[in-house]
Every structure is written in C-alpha cells, then in structure tokens.
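I have a structure I would like to understand better, so I am pasting it below and will then ask my questions one at a time.
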Amino acid sequence: MGRISEAFHQAKEANRSAFIAYLTGGFPDEASFLDKAMSILEDADLLEIGLPYSDPLGDGPTIQKSSEQVLAQGMTTAKTFELISKLREKTEKPLLLMTYYNPIYCYKGGEAAFLKKLKEAGADGVILPDLPPDQADTLIPLARAEDVDTVFLVAPTSTPERLELVTKACRGFIYAVSVTGVTGARAALPQDVPDLVRRTKAISDLPVAVGFGVSGYDTAKPIADVADGVVVGSALIKTIAENGDLKALTREIARACKR
Amino acid sequence: MGRISEAFHQAKEANRSAFIAYLTGGFPDEASFLDKAMSILEDADLLEIGLPYSDPLGDGPTIQKSSEQVLAQGMTTAKTFELISKLREKTEKPLLLMTYYNPIYCYKGGEAAFLKKLKEAGADGVILPDLPPDQADTLIPLARAEDVDTVFLVAPTSTPERLELVTKACRGFIYAVSVTGVTGARAALPQDVPDLVRRTKAISDLPVAVGFGVSGYDTAKPIADVADGVVVGSALIKTIAENGDLKALTREIARACKR
Amino acid sequence: MLFPQPNEKGRFGIYGGRYVPETLIPALDELAKAYSEIALSDDFQAEFHHYLKTYVGRPSLLYYAENLSKYCGGAKIYFKREDLNHTGAHKINNAIGQALLAKKMGKKRFIAETGAGQHGVASATAAALFGLHCTVYMGEEDVRRQALNVYRMKLLGATVSPVSSGTKTLKDATNEAIRDWVTNVRDTFYIIGSVIGPHPYPMMTRDFQSVIGFETMKQLELAEGRSVPDAVVACVGGGSNAIGIFAPYAYLPENERPKLIGVEAAGHGLETGAHSASISAGKRGVLHGSLMYLMSNDDGQISPAHSVSAGLDYPGVGPEHSFYADERMANYVAVKDEEALLGFKKLSEIEGIIPALESSHAVHYVMQLAPTMRKDQVIVVNLSGRGDKDVTEAMRVMSLMEANNGKN
Amino acid sequence: MLFPQPNEKGRFGIYGGRYVPETLIPALDELAKAYSEIALSDDFQAEFHHYLKTYVGRPSLLYYAENLSKYCGGAKIYFKREDLNHTGAHKINNAIGQALLAKKMGKKRFIAETGAGQHGVASATAAALFGLHCTVYMGEEDVRRQALNVYRMKLLGATVSPVSSGTKTLKDATNEAIRDWVTNVRDTFYIIGSVIGPHPYPMMTRDFQSVIGFETMKQLELAEGRSVPDAVVACVGGGSNAIGIFAPYAYLPENERPKLIGVEAAGHGLETGAHSASISAGKRGVLHGSLMYLMSNDDGQISPAHSVSAGLDYPGVGPEHSFYADERMANYVAVKDEEALLGFKKLSEIEGIIPALESSHAVHYVMQLAPTMRKDQVIVVNLSGRGDKDVTEAMRVMSLMEANNGKN
C-alpha cells in the first residue's frame, strides 16, 4: 500500500476523516515554507504542495495571490521539487503535488521526466486541476510506471458517465469538489456534498476527500461526517498571510475530522 | 446731388481720391464713438458706420472682435441709429450704414421701416456685404423711395455679367473689393486692383471706391492713383483698440489720397 | 432636377436664395452649372452610386426593431441604419457626392465646417479617397465635445482648424469656412454638410442624401408590401438626414404622403431659450447664405443655440424644411436633451444599437408616437448615425444629471 | 461539421482538447451536443444568417483598394470590410452565433472576456438583442487603453468587471471569465471571443466566423472571375478573424490553395520578448483549455504578451492555427508595433479607412507583400475592425514615438 492509501486507512481505523492540507510551494517564502508545512503536518494527515503558477484558473484570490507572491520571489519548478525533497527528509506522511498541466507539458523531457523527478523528490501523488483524465492518456501510464498516484477531481456537475471515467483514473483517493467554483474559504457549503460523496463511493472503493471552501470547524465537520478526507487550503494560506494562529486552525480542523 | 455724390465730386475737383473711413457703431464704447468718428472725419470724406453683428462672415478678426465687444457692451440697432443722428448733428459729411442683411430682415416693420429710420437718423446710404443686388429686389425700390443710396460690392471674381448687374443697382458709389477675402489690414494688395477698377469704370459713371486690406500709405497710394475712393476700416479699428495714434493714421491716409 | 423645388431662383417658396458676399456669386454660378451639367448626368450618377455601394456600403439596412416595437406596444418601428455607413453617419453620402463633383470641376482643395465632427470626418474621408487636402473648421466647444472625431479627421490627413469666435460651435465654424472660401474661392471647393447655405447647396445636398429615402421605399416595399409607411421620423439640425428620407415622400400627393416628422433639439426646454429648435421656436431670417427659420433676437442678432448633441447645435434650419413647415408638408416637434439621452440609453439596451445623440432625438420621439398608433401601422426612423462619438460626453452628462437629481 | 478538422476528440492534429476543471466538462459536453444538434440544423443556420443579414449588415463589402494598390505598385489589394459590421468588427458574427445558441439552450446569463473591447461590445450587443444580461471581464490595462469600448458596453447594459490579476490584460480576463463560468456553470453561457478555449469552442467560433471566407469567395468570383485569390492576409491574436477567412480556403487541395498568411504582433520586436507572436516565437503549451502555440518560459509559466493593439495582446493562438502552422497550410509572420502604426496611418490617409490597430498589422504586411507580386495577382486582406476605438491610444503612442525619435 502506498503512503496515501495507508494514511486514509489509518484515519479510518481511528474513526477520523483524513485532514488533507494544501500549501503553495515556497509560501510564504522559501525559508519558512518547511516550518509551516511541518507545523501543519503535526495535525494534518496528508500535504498537497501547490506548484505556483502564473494562470491558476481554478483558484480563488487567496491561492492566486500566494502564487503571484512566490513567483515574484523566484520560485520555480526545480525549487518546488527541492522543497519536496527536504520535506520528505523530515516526514513520512504522504506528499502530493498539485499542479496545472502546462508546467508538466513544458518540463524539459516532458511528462515522463516530470513524474520521474517528482517521484525522486519523494512525492506520492499528483493532483491535476485542469487535466481531466480523458486528456491524460499519456500521463496516466507514465504515472503508474513511476508509482505516482494520480488524483483527478469529480464535481457536483459530474454525470454518472464522468464519475465512472474519473474514478477509474484515480489512484490514492478521489478529490470531490464541494462547489461549482474555484478554491477559496467559504462560510457555508452547498447541501449537495453528501450526495456527491455517496454517488462517488457507490462506484469506487477509493477514499473520497472533499475540498474547496473549507474554512474551519463548521464547514469541515459536515464533510468529515460523510467523506474520507477533508481538504483545506485557502484558509491555511490566509491565516499564514495574515500572521494568524495557524496552530489553532489546524487543531480546529483536526478536531472537526474526528467522528 | 446727394451728399455722397457731392463728396466724391469735391474730392475729384481737389484732385484727390476720397477717403472713406469705416468705424463699427459704438466702438470702442458708446461715449467715445462720436469723438473718434469726428476726429476721423477731420481727414476722411465719408464715414461708414458698421452695424455690429453676431455673425459678420465677410469680416476678418479685427472687425469681428470690435463687433463682439460692442454687442457685449449692449449695442443695438436702435442705439446705432441714435449714434448716426448725433453724428449728423455735428457734421454734413456723408454717413453710410454698413450692415449684414439679417438685422434689416428682422427689423420690426421690415426693410421699409429700417430704411425709413435710417434716413431719419440722417444717413445717406447703406452698404450690404451679404446682399447681392439680385437678392435685393424689394429693398432697392424702397431705398430709392427713401433716397438712401445703395452701395453694392464688386469683386475680383466678378464676371462681366455680374459687374453689369451690380453697378446698375448701385447709387452713390460702387464698392470694389480689392481681394478675394474678408476685411482686414494687409501689408500688400494684389496686382489686379487697377484692372477691376478699370473694368468697373468702363461700364458705369459712378465713382468706384476700393476697400479691404488698406493699412497705410503704401497700400492706399496705389489705390488712390486709380480709384475714386479708398476705404479704410480694420486699420482704424486696430489703432483705436491698441490706443495707437489715430490722428497720424488718418493724416497718412489723407496724404496718400492726394494725387 | 429630381424634385419640384427649388424654383429657378434657387428658392423653396420664399426660402433659400444667395445671401453671400459678391465674391462668391460667380463660384455659386459655376457650381450650379456644374451641378446640373455634370452631377445630374448618367455617368456621374453611376459613378456616385458606385462609390455609395462599394465604399460607403449602401444600401444601408432597413431594420425592423422588434424589441423596441414590442416595448412600445403600437406601430411597427423600422430604423434606416445610416449608422452602418462607412464613417458612421449619413454625412458621407453627401460628402462623396460633393467631393466627386469637385474633382470633376478640377478643384484642388476642400474645406468643410463641422459640428459633431461627422461631416468633418466624412469630408476628410472623401478627400483621402480622392487624394486632395481638406481643412475642417470646427468650433472650440465642439472640438472638446467630439474629441474622437477630431483625432479621426487628423488621422485621415485633414487639418482641423478650431474656431474660437462667437459661440465656438457649428454656426461659427460655418462663418469661418465661408471666410476661407471667400479668400480661396478660385481653387477651393466648400463641402457643406447640411441642406443649408446659398443655392445650389441645399438642393445639391438634398439630392445626394435622397438616396436614403429612395432606398427606404424599395426596402419597405419588400418588407411590408408597401413603399409608403404611415410616418417617417428624423432628427433635424441643418436638416440633411431628414430631407434625405423626407424628400422622396414629401412631393407625393397629399393623400398618399406619410406623416413626416422632423425632430428638433429642445435643449433645456423651449421656454428656456437654450435650444436649437429653429422651426418650433424661431422665426424667419438669413444665415449662411439663405433665408430660413432661424433663432435670432429682435435686432436680428443670431441667438446662441444649445443642444446636448453637437450636430443639432445650430440656430438655423434648411430652407426646404422651412418651406415644408409653412406648407404643412411636414410637422416639426422638439425633444429635450434629457429626453434624447433616454432614447440613447433605451435603444442601446433594448436593441444593442447605440445611436448618435442627434438621432436619439428621433428615437425618443418615436417612442412617444408608436404607442399612439395601431399595430398594423409602420413608422420609419432615420437612424442618422452611430453613437460611438458620443459615449464619453453622454456618460458625462448623464452622471451630471443623476447628481443633480440626487440633490432635488 | 463544416470542415475536416477538428477530429472526433476535438483536436486539430495534436492541438486543442479540453484542459479545464472537471466541473466544466459536462457543460462542454452539453455544448458540443447542442452545437451539433441545434446549431448545425437548417433552422438555426437560417435564423443565424437572418441576424447576420438584417442586424449585422452582412455581407460585408469586399472593397478593391485602388489607391493602396497603385501606391504599392504590385498585386491588386482587396479588403474584406468587417469594420463595416454593426459594432465595428468581425467579433459580432461569433457573438450572435453563440448567443443565439445559448438562447436555444435556455441559458439565462452571458459572460465574456475581452481585450480590445470589441468582443465585449459584441457580446453585450448580442445580450441586449436577446434580452439577457452579460458580464464582461476585461483587464485593467485594457480598460484604460480601450475606454471608449468600456463606455459602450455599459451603455448596452452590460456589467464590465475589471481584472487586476496577473498582467491585467486579455489572458487574465479570460482566467477570470473561466472562474466565473466554473462557479455559475449551470445557468451561464460563456461567449468566448476567439478560436481558443476548450473544445467545442475553437470549432464553433471558426464555423460562425467562416461566413467571412465564404462571402469572400463569392464576392471575389464576381469581382475577378475567380473565387480564390493568390494570397489571403489576416492579423492573428487568438485567431478568429484569420480562421474566419482562412478556413474555407485552408482545406482546399494544396495546389488550389492561396497563400494564407497570418500576421502576429511582434510588439517591440521578437528579440525583445515583448510581443504576442505565439507561433513565430512561442512553443507548444496549454492555456485556457487547449493545447496550442504559446508564450511561456521553461517552467511553463505563461509569459506576459505585449502588443500596441489590445486585441492581439494574448500569449496564445488558436489550436487550428497551430495545426495550420505545423502542416504548412498557412504561414505566420510578425509585424511590430511601430510598423502597425504606419499601416494604420497609411490606410487612413490613402483610402479614408481607419483600421483597427489589430487589423493594421495585416495592412502593414500587405504593403510589403503586394509590391513583390504581379499586377494580375490578387490579395485579400481581412480588415477585421475599425479604428475608432484606437485613435486616442494611437495618437498617444505616435506622439511618444515622435518624441523619442526626436531624442535620437
């Protein structure tokens, strides 16, 4: 079992929903990134590292700004890989790279080289917000070969056929998007989240994590009740950006994850 | 013989070209107008009084501005008639009104009333820069009835047919325009002035005065040599506006008028 | 001659004539002769219509405004889309016609006056097309209001000469153009932009613009099975777009004639004196070479006109309109600035067509007229130009108006 | 399907595809289905062409530019006058097509991105015509450069939403529109303004714009006795006007195909990096949902594009152009800012036609090409839009350039 499946397995055993944290690579700056990540991982079960991108069209303002900031500070794909390596030296928890497709496409050596490098750096999986599985016919086999889990997304708008297609292409877990919309902390989430989780679980044995919009206990709790994982990103970034109490937030989420 | 013919006759007798001065009615202000006019008439043989008009499309900037100024000061057609009356009390020299057509057309009682009033005020003639004689078929007989001389203009562009038509409609004198253009003092005048004067005199016994552009001795002299009268307007207005030596100018013109 | 008026003396009834300095009379004689000998020839007409078709993009559409008609809930409203012409207004029809005639006459230089800048742009365009230089006179106030068109004229290679005398608008620009013409009459052709000026200008401009009305007849015949609508509505500044669509209908026998309605600019309101409604609130007088309805005081001093639309901001109106008004061949009404702005907004929002502020006067009027008519009746509105030139000024005025309304 | 490409997977060769969040995939499926079932139906096509004819004013003229042809001294130059369309550019063809489809699909709200503002105006216009609301995303930098069009959109009742992220131009406006769409996908129709975006957009926009090329064929047949010219020139931003005129020629057998030349914006020069020449100086990559030629750095970060013309200021180019380029079905060249401004000035002065700055790139190129060709050869240039929206900015840039030249 890979680290990702293992993490979900352990959470389930502990009657918890897994806490999946997102942090933009190199945010708030290269030096503090590792500290923030390690601090978050004291409470979180998995970490998504975002490859900063110039045109993050699936992201709301919080993550957009964090990307702009770190790019302006000189973040690159190579440096993101380095940060993953350094994290891997400090933790055995699952690390995933969340990236738009163009940085993979443009990588020297292409998809194969990118995935190889990612694996070498110590990552366990990749999340691809703008690459639906039907556009990934070359990437998926390469990822399988490198044993990098491929996490694709299902959405409230997904039809049964799409659910079938997407869940089949996933390894590690399935990422269910809570809202039609972009990333960003929200005060409340739509009513139909449980339905999407149910529909997904009905056709797949993989764990299902729900993300987009989780901002604290109140939004995390109802998700934790139905899903195998809760993804939190913008709320963490915002807390760091505003020098808020990061520890309090991660503890709050972890608490919400308990059933 | 009317005052106008008489004035030309006397000038001719004295081997002079007549000096015809133009002054905008009420310029530079109502109070000083009479003084300026009387001062000018010490050297000039005839005086044209311009009825100030909002849209003097035959005039250059100097006369335009003088009109704008006096209109802003409250000049009206009635006040212009008053000024003529007052002048008539002081002088026996010929007085002519130079006016665009709309103030006549719009006058209460129309052309007839206007001409009657003009005559009563003591004027001897009217000069109509935007009323060619073929548009004056009602005005001309009314003027004849009031014994107001009608002065129309001939231009360098006038064809033989037009010369014929215009000169026939004139009484008092014929106004020959020296240039294709608007009023305004010029440093030099075109070469073809003598030709226009000759062509006009060949078909009419009336005196021919030349105007537009006369600025001083050098421009007046060649006209005086060929024509029966020299008209000076903008140069006088300019001198008054700039507080120049009006006397020196009128003397200079009078000197140029001697043959 | 296409129409029974003007008479052989260049007058429409008593209106028209030639009240200009003698210097210009021979040029007008030459022009009248050239017009009848050259411009009315089949060859010239063929060439003129060739340019209208291949360059201007004529015929302009006759557009059935379904949304607006439904919104008004009465007669069917059609728009004659002069706004789709190259350069964006009806003015180009006449500018091409006059420029082509000038070229045939061997003239070397063009001058023009402009208010909204549309005639200036049209003249500059015609000059570019025929390879001649054009100087455009434009009041300083209009230079400010219609900055976009000033740039366009300059780009087209024309010289824009701002006029600072008088009211600094179209009237004074016209004075200045006439002064230039008097000075350079021998080689210069003055392209007059409306049905004003000394004979033969009002006739000539009317004839060149009458393509609008003749096209409308044909197009309406196709669309509605009859060439004559129940009413024809057009805004009236000098009156060229209105005459262009009226003239082919105006001389029909009275019982066949549609209602012809000219919409003047009531500015801030006729009672305020700040308007441009020469027929509705003026009297007879002479300006720019012809006798017409005119705004002037008892002394015959021309009154300053006012309209939110620079192209209507003119104190006179063409002699032929003056004649129509007296003979009751057409009716003339007036629409205020703020009403025109309502028409401007409404047509933009409801049909996706931004009309010129000038044309917006006609738009507002038709929105009042249509509901009073039956659904089987038909109105044609001449949409004389597009509003791109006006959006900046309109936004400025509308936000001022809102601010003022807020205060009350 | 009208043309052999894209294949059943929505790709032109390797280009195109659907690189978008999963949330949008069902909407794209729904759209693709509606497009083939509704939009390709005879009824829909009839209705679409009815609007093109009665509202847009099509067919647009094919104008023989005699002055410019003589000036260049080579091939005969024709302009396809998309600038005469209602709203002033080719964009309206596609906006009407997509909006009509959206209406048939029961959508309640439109969104659009815009660079020069022409597509925003076109979308706002279509929205007004069909009675729906439209929100237009526009980069803050473009809001400044194209103020006139911002006003126009507002007047048409649209909401203009300035975008301050990234480079504050078209690319970022498109990101923001996609974010809106992801959020409101259930009732919102995204009207994309060029041949970009995920399948079926590039195909759909191409098909709606191909009316330009099909009309050209017919008109050229009438004018020259042959429907195929020797060369076709068009500017390329996203590539919709170019595809519109190229596509009907592009799939002809190679020996019958005219030279197709796409003119990209070389900005300050390809060597400076400050340009928008994705094919001439970019490499493959993914942006806004499809694989295409693109300007990005080694890490795949999108490079900021630059062009004096807001409508070309985009770092990518449609997948079909990328395919044409690889297959050598068309050639792509690049023209610099200052060269485009020369074209802009020259066409204004010599033909009286002020082109959009975008189209001016094609104008400048044809002025280089025509002299190298024979007098019996024919070039058609797609004059994609009019320059009214650009005159203020062009005057500003030209006077800056003159000031700089003065210094050297």
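Going by the order they are written in, the chains are A, B, C and D; count residues from 1 in each one.
What we mean here is this: a residue touches a chain if its C-beta (ideal position, glycine included) is under 8 Å from a C-beta of that chain, and two chains touch if they have at least 3 such contacts.
From a predicted model like this one, the values you see are computed outputs, not experimental measurements.
Traced through touching neighbours, the fewest hops from chain A to chain B number 3.
Distance between chain centres (mean CA atoms), chain A to chain D: 37 Å.
Between chain A and chain C, the centres computed from C-alpha atoms are 66 Å apart. Contact with two or more other chains is made by no residue of chain A.
Among the residues of chain D, none is found touching two or more other chains.
Chain-to-chain contact here is organised linearly: an open path runs through the chains from one end to the other. Against chain C, in their complex, chain B makes its touches with residues 53-58, 60-61, 64, 68, 71, 76-77, 101-108, 129-132, 134-135, 152-159, 162, 166, 177, 179-182.
Chain contact summary for the complex, chain C toward chain D: residues 54-55, 57, 60-61, 63-64, 67, 81, 84, 86-88, 124-129, 131, 147-148, 151-152, 154-157, 344-345, 348-354, 387-389, 391-392, 394-395. Residues 17-27, 29, 165-166, 171-172, 175, 178-179, 182-186, 283-289, 291, 294, 296-302 of chain C touch chain B in their complex.
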